[in-house]
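Each in structure tokens, the structures are laid out below.
In the two assemblies presented below, chain A is common to both, partnered first by chain B and then by chain C.
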Partner chain A sequence: MERYLIKRVLWLIPVVLGVAILIFSIMYFVPGDPAQIILGASATQDEILNMRHQMGLDKPYIVQLGVFLSDTFLKLDFGKSYVNHVPVFSALMERFPRTALIAVVCCIFQIIVGIPMGITAATHQNRWQDRTCVVLAMIGISIPSFWLAQMLILLFAFKLNWLPAFGITSWNSYIMPCFCSMLMGVANQTRFTRTYMLEQIRSDYIVTARAKGLSERTVIYKHALPNTLIPLITGIGGDFGAALGGTVIIENVFSIPGIGQYMVNAIGNRDYPVVRGSVVFLSIMFSLIMLLVDLAYAFIDPRIKAQYVAGSRKMVMKKGAHSNA
Partner chain B sequence: MKKRIIAAILTTVFAISMLSGCGSLTTGADETNAETAESTATSTSETTSSSASATTSSGASAASGETADTVTIGLAQDVESFNPWLMAQDARQQVYYNKIYEPLENITFDGERQLVLAKSVKQESGGIYDIELWNNIVDTNGNNITADDVIFSFDQCNEVGQLAWATRYLDHFEKTGDYTLKMYTKDESSVGLDMLLKTVFIVSQKSYEASKDQFATTPVGTGPYTLRSYVPGSTIELIAKDSYWQTDDSSRSQASQVGNIKTIDYKVITDPSQLALALQMGQVDCVAGSGVSPKDYGNFVDENRKALDGFTVKSYIGALIYHLEFNCGDKSVLQDQKLREAVSYAIDSQSIVTSMFGQDAMVCNTNSSPYYADYDSSLDSSRVYGYDPDKAKELLKDAGYGNGKLTLNLITQNTDTFTKCATLIQAYLQQVGINCKVNAYEDALFQTNRADTVGDKWDICLNSVMGLNSTGRLGVLDLNAYQTGKNGLYIDDETLQKKYMTANLAASYSKETVTDLLKYIDEKCYLYPIFYTKGYAITTSKIKDIALDRNDALIPGASTIVAK
Partner chain C sequence: MPDVSGTMEMNKSLLAREARQAKIKAFKEGWHRLCQNKVAVIGLIVIIVLLFIAIFAPVLTPYSYDKIDPLNAYQAPSSAHVFGTDGLGRDLLSRVLYGTRYSLAIAFSAQAVGIVFGILLGALAGFFEGLLSDVIMRFCDIFQAIPSTLMAILVSQTLGAGFISTTIALAVTTTPSITRIVRALILQIRNQEFIEAGRAINCSNGRLIAFHILPNIIPQIIISFTGGLSGKFIDSAGLSYLGLGIQPPTPEWGALLTDGKAYLRYYPNLVLAPGLFIMIAALAFNLVGDGLRDALDPRMRD
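Right after this comes the complex of A and B.
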């Protein structure tokens, strides 16, 4: 199992490297000149050329790529923002916890609210509990998060004055953003859980479990649920990764200085170091999350764990065969 | 049956939510009895007769009359860094211009020059100026500012490079004493001196070199305020210094006033509607720059643009003039003046202004506006190419383009104002038989296409430009700014260049030479001015008299601020 873990960690390197090269190339070929943007429309050609030289943008593609890769992976330096000269890494470290907090809360609620709702709906199929959960899920999916954000602000911040409307002054500043962010995730989780759970409930082994006289609670939570969890955890992992980079609307409405807003502003300004650094950082985070998801599979399903272990053993045996030969 | 009931409930829920979301917000201020709104006209500059005018109006106020010592300002974006030589943006102009850092000279709201760190600036000859500093300037760390610090600041500004549009006018400095130096400018441009003196902030070399992050989060300046706390992307707090170096009140610049304001709190609110709401609810006292969008004006002013109860409004003329730039190069059909004139005659700028802005913008009949000191109102009284679609059709026919044969490519930025204006222009051109393809780009792409050196990316560019004076905003016409041998409109008109330089050089700059330039531009139909907008500085009634600087940023210390 440890070998599998090491192998997966090592696989991160070419993945992140590939992402880095891809984002570098995309930003290189995207039209728009950061020097022109910073200096403004009244800049002369000479000034723009000087600025491009200062930024290192006058060098050939391959030289710029080499410098970027060596700085990023050998020196762990994402560079400084073209616009405000602030180191990208320190800005990311400052912003990441805020975005991560929203993403983590979103995932937690998907688990503690979405899954139980889905189970309730599946075990009470076609009854009022099922219909209620499905309707609530539909509402959660249908409501646009930016609209919901505005409505919550009007109600809780301005009418009732219970919660702050913007900023990160205290812990309760995160309540509304987290709620807006998690609603769709919870709704989706409810629907997926219901679907997968219905499939499992109709399986033969569940019939056998009931025939053996096990309680319904045991049948659902000890037998059916573990078999449902694999696709659910995949979804949660994907949602977490998407939330890391996709909360820009929430961050903008609630004025939360997170990574999403940081990246979107940088794209508009063609702030290459910020965009590249953010994408590489998020790709590392996402890869680690997917690794955790894969490890979670092993924890939930012993068959998958056995596959991981068997795969490692095969490698060891092959190496052994080679060395004997 | 059950499904129908559920569907009916869902429909009702959505309908209610839509209606509640569309309803207008009422505040406690609206429920109070309205008193007559006061209207105060502020004085215009004494040096010219056509400087920007502003009016202030205040709604009924519940303020106690006691002075306040704190003001809260909403910012639409974060400063991101306190380095003094980064590119200008609304947030930086509001937060640290003249509050943390100071330049040698300021330009006031009315366009007057006001010395700050410089005690005197005298022209020796041509582009050579003698500058004397006050000898008692100290920064937050107690370091005395000397001539060496001035030279250091300009060098660092050049190194950062983002203010090259200002420092391009500088050739070099020559130190002549501890507090005196000679400034040699590269050309004798009418805007060069002011650009240099007002744009570059002066800091202590010792303080700057001691800073770990080049003042990014720990600024040290000579201004009357210092940074107390900064949460990036969220809040900024400035606190007034116990003692400010300028002890002579009569010499203290307006922008450096502190008054009774000990603390200035800034809150970063990135969403424009939230910013307006925060102002409406009194969570901020003022919104920086153009933070309140025109669609939210109705919450603060009535139909006559007088302040509603609980708010104070100061209107001013914006520096930006929206115009059409014509590609006069050989890769565009608009190299034919008849076609340029046809386009100009086809557009009804008054209707565009009325439909888009109502009373919040004015038609601009010349490439200048009352914002600029060199504005000649006689040029603005009528338009050279007034709305005349029949004349436009006639010119099209003369040029050999019958109905529908001509297609033009118009580029602009993809903001609300530009796209609406472009759509209206497209419709007017369509009426006379000109097909117009509108390409709206985000800012980066727009700048790239506009500055394209080949000259085949666009025929018409809908743009907005400002400057220190009328000539300064017409830099697109200057051959010297481009290396291609042609200017930004892809032409090399010698007469135009001569008139431009005459109106640009300090020695010959005057209202007459500027007027001469503008008349020539009209004669050749190189640019088509459309409108300039009015801006509104909106505050709660806590701020009775709004004092703004030239960047339309609130000067809390110079404003009258009372306790709520």
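Right after this comes the complex of A and C.
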């Protein structure tokens, strides 16, 4: 078990490094010369060459990559914005709480709304409860969140004047953004829960539990639910990533000063250190959450432990087979 | 001797015919089950209508999609302009109908490109154990550590706006998960007897993968393809909304939304109409996707 935990934690390092290298490499091929962008169109050739030298852009790819990695991971220096020369890392830290708040609220609602809806649907298969949940979930996964956001702004902000349309003024500024970002996740969670629960309800051990004369309540909540929850927990990490990505668009609709808005504005200004820093930062956050979920999962699911023991035994056997051959 | 080989030939062709008939029967059964699912049939009809609109857009549209008419700018919906007109007096209905072409094309091509690469990498990773498989799967780990919306934004801004770059940006987000699915499926079947038999008669690896393994995972691939299509409609519109992806004045649905977003307060019809089309298309593909999953996936049968 400890070996699994250590292995999983250490695996984070190559993944995060790989993500940083991948993002750096993609951004390396962005057309346009950063020196030209900073200096503007009126700059002379000499000024541009000078700037390129200052920024280290005249060095080969591999050197630039090395500098980027050591700055990012050893000094936590994500570079400076081309536009206002503010360090990217401090801007990210200032904005992260707002993005994280939306993403966390999304995940919480997914769990406290999506899972009960899925269970209700599965335990009432083909009855009106099931049909209602299925239809709602189907609509939820089909509505583009940014379009829904605009429709809600139109209704609640422009027509009814109940909620602010843009920016963050008080807690009620978060109602519409959170609702729009969570809809897809809640709908997906409902669908997954329903599918997993139906799978469990059809399995033999549930028939056994019913045959023993257990009450339907015990059968569902004591026997089927724990087995349904296990695959759902692994999903939560991925959902958090989807929520982080989804807030990028929602923040732009509602003009919320989070990382998503920072990043999209930077794309418009071709402010590449900001774009790169935002993606690297969010991806690292995502990887950390995935790690936490995996660790929690290993404690919850006894099968992981068993699998790991069986896995190492298999490896030993395989090695034995090789040496025999 | 010729006698024996003749019998063998006959047996072989008989077996081949039986196998083919079994396959046709399986697909017919699947189709039959799909047709019994009323909701899926409605979705299918909507998709056929959308395809029809996409193909015959020039004939169906009441006005040309790019005809500028400043005198009739910002008209409310009326009998002359069913969805009203935009800031340049262009008929919104015509633009939305024309947009069907671009939106369907983007969603289909992005999904197709993503799946083809996913199958290729998944087949390699599933069939060949060892270094190649490890390298492919570690790459999947890294790609999936970046939230897919961010990945699409990143690729899209690097490649610039336009049809092909949007297709690639959306396909990149599909490939890793398809690779995983295909690899898992292949790991399940690669040790079965018919693969061993294939090896015994000296089939090459390529032949084994293409003619013996892949046909067995076609149902799951169809499910993944349709299941992901609706997401592609929403994602491509999202990219356009952020100013990436397809750019105005191309009448793609997302680009139309972008065009209209500044006038939301006073001319909501400019945002309402394209959004409704995105939603209807996504809904139709989700319904058919669910129907296909129930019809083709043996585990889902009651």
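Rule of thumb we're sticking to: the second predicted complex is superposed on the first by the 276 of 325 C-alpha atoms of A that agree within 3 Å, B and C clash if a C-alpha of one lies under 4 Å from a C-alpha of the other, contacts with A are read in each partner's own complex, and residues count from 1 in each chain.
Keep in mind that, in the parts below, contacts are C-beta pairs under 8 Å (C-beta built on N, C-alpha and C of every residue); 3 or more make two chains touch, one makes a residue touch a chain.
Quick caveat, the model's predicted, so the values are computed rather than measured.
Touch criterion met: A:G268 reaches chain B and chain C at once. In the overlay built on the shared chain, the residue A:F158 is in contact with chain B and with chain C.
In the superposed model, A:D46 lies in contact with chain B only, and not with chain C. Looking at the shared chain after the overlay, A:Q150 reaches both chain B and chain C. Legend: residue contacts after superposition of the two complexes on their common chain; A:L136 is shown touching neither chain B nor chain C.
In the superposed pair of complexes, A:N252 makes contact with chain B and with chain C alike. Of the two partner chains placed around the shared chain by superposition, chain B is the only one that A:E94 touches, whereas chain C remains out of contact.
In the superposition on chain A, contact is made by A:G32 with chain B only, not with chain C.
When both complexes are overlaid on chain A, the residue A:H85 reaches chain B alone and has no touch with chain C.
Residues 31, 138-139, 147, 150-151, 153-154, 158, 252, 268 of chain A lie in contact with chain B in one complex and with chain C in the other. Of all residues in chain C, only 138, 141-143, 145-150, 153-155, 157-158, 160, 230, 233-234, 237-238, 241-244, 257, 261, 264-265, 268, 271-272, 275, 278-279, 282-283, 286-287, 290, 299 touch chain A in the complex they form.
Those residues of chain B lying in contact with chain A across their complex are 2, 6, 10, 13, 17, 20-21, 25, 78, 80-81, 83, 86-87, 160-162, 164-165, 168, 213-214, 216, 231-235, 267-271, 273-274, 277-278, 281, 283, 442-445, 447-448, 450-451, 453, 463, 465, 467, 475-476, 480-484.
Residues of chain A that touch chain C in their complex: 14-16, 18-19, 22-23, 26-27, 29-31, 138-139, 141-147, 150-151, 153-154, 158, 199, 241-242, 244-246, 248-249, 252, 263-264, 267-268, 275, 279, 282-283, 286-287, 290. Taken together, the chain A residues at the contact with chain B in this complex read 31-34, 36-47, 50-51, 54, 81, 83-86, 91, 94-95, 131, 135, 138-139, 147, 150-151, 153-154, 158, 165-169, 251-257, 261, 268-270.
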